[in-house]
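Below, chain A partners chain B and then partners chain C, in two separate complexes.
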Partner chain A sequence: MDRREFIKSCSLVAVMGLLFGCRKSELLGDIASQFSVPELKRFEDEVKLAMSRAKKSLDLVRVSAPGPLKIPGASPVNRFGMAIDLDLCDGCGKCILACNLENNVPLVPAEDATRGRFMHWVEMRGNAPLMCAHCGDAPCEKVCPTGAANHTPDGISAMMYKRCTGSRFCGANCPVHARKFNFNDAQSLGLARQFNKEVPLRDKGVMEKCSLCLHRLQNDRLAFKTRNPLSEWRGRGVKTACAEACPKNAIVFGNWLDPESPLARLAKTRILYAPREVAALDPSVVFVRGRR
Partner chain B sequence: MDCHRLPLTEKPGIETLDSVLTSAPDHPWSHKRFLPEHVVFHHGVHASAGVACSDCHGEGYMKNHYGGEKFDMQTCLKCHRGETFKEKGYKPAATYCAACHR
Partner chain C sequence: MFRYLMLAGLALFLPGLFALGYAVLEGPSAWMTDSRTFWGTPIALFVFWIGLAHAGTLLSAIFLALGIKLDRRTALIAELSTLVSLVFAGIFPLMHLGVVENFYMVAPFLDARGNFANVRSPLVWDFCCIVVYALLSLLFFTTHLKARVVPALDRYCKPMAWLLFPLVLWVHTVVSLDFATTFVPEWRGAFFPVYFIVGAILSGLALVNLLICAEGYRVRLMERLQLITSWILCAIWIWDLLFKGYFCTSAFIFAVLLPQFRMVAVIRESRAGRIFFSLSILLGLFLERFYLVSPLAGVPGEPGFGLVDLGLLAFSLGGFMMLFYAARSLLNESMEGAGTYFGEVDGSDMANVEESERSREKTHGLTLSYIQPWSSEEYKTLRLPLACGFSVALLFVLWVCAQLPFVGSPYENVEVILVNVLPLSYPVIAFVAALVLACKAVWVDKAVELGRNSYVALAVALVALAVLAGMFYAGGAASRPDAVIAEAPQYGSEIVDSAHVQFVWNARCAQCHGVDGRFNDKFIREYYPVPQKLDVARIDSLGLDSLVNVVLDGRVNMNPYRGRLTESEARALVVYMRSLAEAP
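Now for the complex of A and B:
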């Protein structure tokens, strides 16, 4: 075999290999939706592990009831938020599991779990659930280079996953570390499961956090506007997954600007608190304790 | 009353249709959703806001030509900003990200 023939056969083998590779990747595309999915038991166990590793301190300061947002284009009638009743909450952690199943929050690999790096949108802090406060003056949105973290007119600090390029500036700028970064490709590692078809799974390299069950609000808004195209939507009757799952009804979801909302009614008779870190940032998700 | 189960006429087409329907599977069609998972679109809202079918789907469906429409975010946004259909007087609609994305 001379030199020319040798090179020829080499390149032939390379081309064959390439072609075979292409065929394989096409095949992979077909079965991409059939990645192995984890058992429900693993999600339950992860929540238990996260609960056992929860930080004990939650430093609360008094805040006043959230008013209309101060951002341009804000809705004068809607500002969604939540209140967590610390007199009722016993820290059972059912809200964490409910949130994970509702929003398809992925598991983390064993190494991350031992370090306490969970993807949970709700976590236990001082025996009470802590999630994104949906600050009216959100520090995370100010540093987002792509506009993926932005505010809706009705007070939700929303996250557009497809716009996120994973700079993680928002996570660094969040004082309560409510944002979680997808370091792992959970779907191909078999750590993600789509329990709820309404919520898309997130890709690797994307920041995620509590969305105040945005999909539920969107669905309700669209259904309401279909039935009553002329009246104003106030988000009545919508509940987040955590509020629904709470056995003590300690989590109250509602509209701060709607006097009929259970949230606004609760705030009239109770004292509102927020974590010290976000208290000055006009949080929409607050804690209540004691009566006034 | 079981009118719809009886062959109403002697036309051979009716019998053919009946025999095909009895042997048909429950869902003889396969529906493919082309809308990405992270996009929300609700036909009802647009219909109740007074948007006509032909505004987005063209005139093709009136001649039994279905499919082939190409939609992208610009199509949606132009109308939501009130740039298209000015003569129809459609009101500008929501243009914030989370109105249509999740």
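Now for the complex of A and C:
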């Protein structure tokens, strides 16, 4: 065999190797997806594990109440957000489990759990729940190459899973690391369970994070618009899953621009704080502590 | 010698290829990613290889543009190493994506297919700059290579070098902006572009010095340049240390301390010593990129360097050696020989060469005199192409600015300001200018005769490009065939009452089509092209059945609703839509 032949056969082997590596192993996927869905107990255990590994420090600075968004196309009447009352919160972690069940947040394999790589949208930091702050000037949205991370007119930093190409640039640029990456195909590994039919399961390779229970808002909007097509929708009466689950009512969801919203009323009498890293980015989700 | 290097490359490449296949199949969990940046080895390798890819253009184009003499063989080796490095620099950002098949969404096609890449993102700038840089480097290399056979091409080398000079700095500035625009504390600093450019130049020099060591000669000019660049990098690292209190000791030892032994004559004069400097610099800079991309690597509790990471490293190293020496032996005839200036063979005295050069200049009366830039030969060649490039870039910028912010345009809500488009401007200028220059050389100046084969290749390439563009424009199915649509509540009744139709319309369709059927402009943001106007004439011409099918099976941007709506509901919706269109 001369040199040319040798190289040719080697490169053929190489290309075949690459093709073999790239093909989707459908057989494996089929077998795995027949596994039963995980039990609720496993989700509870994972939340306990995540809470035991939580970071202890949360550096808060004072912020003023969020105003209307400055991005083009933003609604002048709606900007949804939350406030977490640190005087009431005792760090029980019920909000994490409620969020996981509401948004079908998948489990992670044991190996990821030992690294602390959970998918939880809400995590404990400094004995208080921390989630995406839905910054008005969100750094993650600026660097997303495809525009999959984007603001809705109502002030929610939303994710379009089907547009996400998984460059993880947004995750690198989030100062509080609120964004989670789907490292595993949770569905075929039998780690995902669709508790809530209204929220889709995410595919492997996309980013996800707190959506402020967008589906609840949308349902309310559609019902409201169907009943009174001509009046302005302010999202009154909607609560996120974590706010609903909090036994002490420490999480308050509402509309910053609606004076009747519990959030706006709360902000009048309390002092607002935000994590130092995002305080300058106009966060919609803040902490409250003490009275004015 | 080259054959052994190529075989060694192959031996590294094959297991590396396996690791690459595994990594693509398994996704980002296969390699080491730390919890802060999510990126890990592929991006470290990308920054490393894109740095090496600057060797050719820096050494060849910039030296040529500035009038520093470099022999043809060294220049061609440097350019070839650029091209081969770019192949690997291009592979890693693609394979590191979570959803690899969506990579095309990064290309800024503006509104084609309803895709709007976010022009604010440095990744989009990156994609464009690197594509343009690869194309121009290929063109430059071909021109340089062909110039030996077709001397008329020689006068296009220098203008092309002037086009590439800013581009090479531009590309690395943009790569550094991937890091410098983020909130990661280790990556902050306005000096990042300079820092990246210096790092790239140092690694590129080390690579070329290593490659010409393998050829069996040395270029003292580049060795000295390598030493000086390491001092500049040292200064930047010290700045960084004072600024952030963060320092990569191993990189400092390998890339800055050890190369200082070049000042010892015994080590400098031995070939093993020179190979050692280059390897140590390359190793040091790789480590530096690795720690830069994964600041938490090695911290207890964080994952370490694994087999797949090693495999990816082996893939790029082996692939580089294999491809480089394969191309090197293919192009051997056009590379050898030519006048040697600084590229004297090992051991000969540099001073003698310079002396003879000087005496030759004296005897021939050749003295370098200053030429006004506006009357220089290169400027005259580049005048027209540059004018074209600038005008296209200006048109592009004007178009983006005019299209986006105006009320009533479909993109009025897109947040783009002039600053976001500017990083794309020079690549556009350089690309158009090079294209015009090439066309001018071929068809106006007739500097090079294109053979029949070249025309066929050109035609095939154009047709392929057109087919690709057409396929892209036409698009595929509206939803991925394997997408699992969760079971939705089924509305069982066959008789659909009008209140229910109205509810379904408001719940399902009104987000885009509007409660009154006249589009919800507020909700359709930049991601969807505005849906077709559905007036009565159009609905009637399309017919009830075909519209029912559109509702059930979807069309380009319309989602399929089969499984979520019954057929009778879809039919009732179409009737309801017609009644909306009829309403005044």
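In the analysis below, the second predicted complex is superposed on the first by the 257 of 292 C-alpha atoms of A that agree within 3 Å, B and C clash if a C-alpha of one lies under 4 Å from a C-alpha of the other, contacts with A are read in each partner's own complex, and residues count from 1 in each chain.
As a convention for this text, a contact is a pair of C-beta atoms (placed from the backbone, for glycine too) under 8 Å apart; a residue touches a chain by one contact, two chains touch by 3 or more.
Keep in mind that what you see is a predicted model, and the values were worked out from it rather than measured.
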- Message: After the alignment on chain A, I want to confirm one thing: do chain B and chain C clash, or do they fit together?
- Response: clash
- Figure out whether A:S52 sits in contact with chain B (first) or chain C (second), or with both, or with neither. neither
- Query: Touching A:M160, do we find chain B (first), chain C (second), both, or neither?
  - Reply: both
- Task: Applying the touch criterion given at the start, work out whether A:N150 contacts chain B, chain C, both or neither, answering first, second, both or neither.
- Result: both
- Message: On the A-aligned overlay, A:T269 touches which partner chain: chain B = first, chain C = second, or both, or neither?
- Response: neither
- Query: Who does A:P200 touch here: chain B (first), chain C (second), both, or neither?
  - Reply: both
- Query: Quick one: chain B or chain C, who's touching more of chain A?
  - Reply: C
- Where does A:F181 make contact in the superposed view: on chain B (first), on chain C (second), on both, or on neither? second
- Message: On the A-aligned overlay, A:R115 touches which partner chain: chain B = first, chain C = second, or both, or neither?
- Response: second
- First, second, both or neither for A:T226, with chain B first and chain C second: both
- Query: Which partner does A:S64 reach: the first (chain B), the second (chain C), both, or neither?
  - Reply: neither
- Note on the structure: Note: overlapping chain A surface for chain B and chain C spans 73, 147, 150, 153, 160, 162-163, 200, 222, 225-226, 229
- Which residues, counting only chain A, touch chain C once they are in their complex? 3, 7, 10, 13-14, 17-18, 20-22, 24-25, 71-73, 112, 115-117, 139, 141-147, 150, 153, 160, 162-169, 171-175, 177, 181-185, 187, 194, 197, 200-201, 203-207, 222, 225-226, 229, 277
- Could you please specify the touching residues of chain B with respect to chain A in the complex? 37-38, 40, 42, 44-45, 47-50, 94, 96-99, 101-102
- Task: Within their complex, state which residues of chain A touch chain B.
- Result: 73, 147, 150, 152-153, 156, 158, 160-163, 198-200, 211, 214-215, 218, 222-223, 225-227, 229
- For chain C, which residues count as touching chain A in their complex? 3, 10, 13-14, 17-18, 20-22, 24-25, 27-29, 33, 35-39, 96-100, 102-103, 105-106, 115-118, 120-124, 127, 178, 181-184, 301-303, 326, 405, 412-415, 480, 484, 486-489, 502-503, 506-507, 510, 515-516, 522-523, 525-527
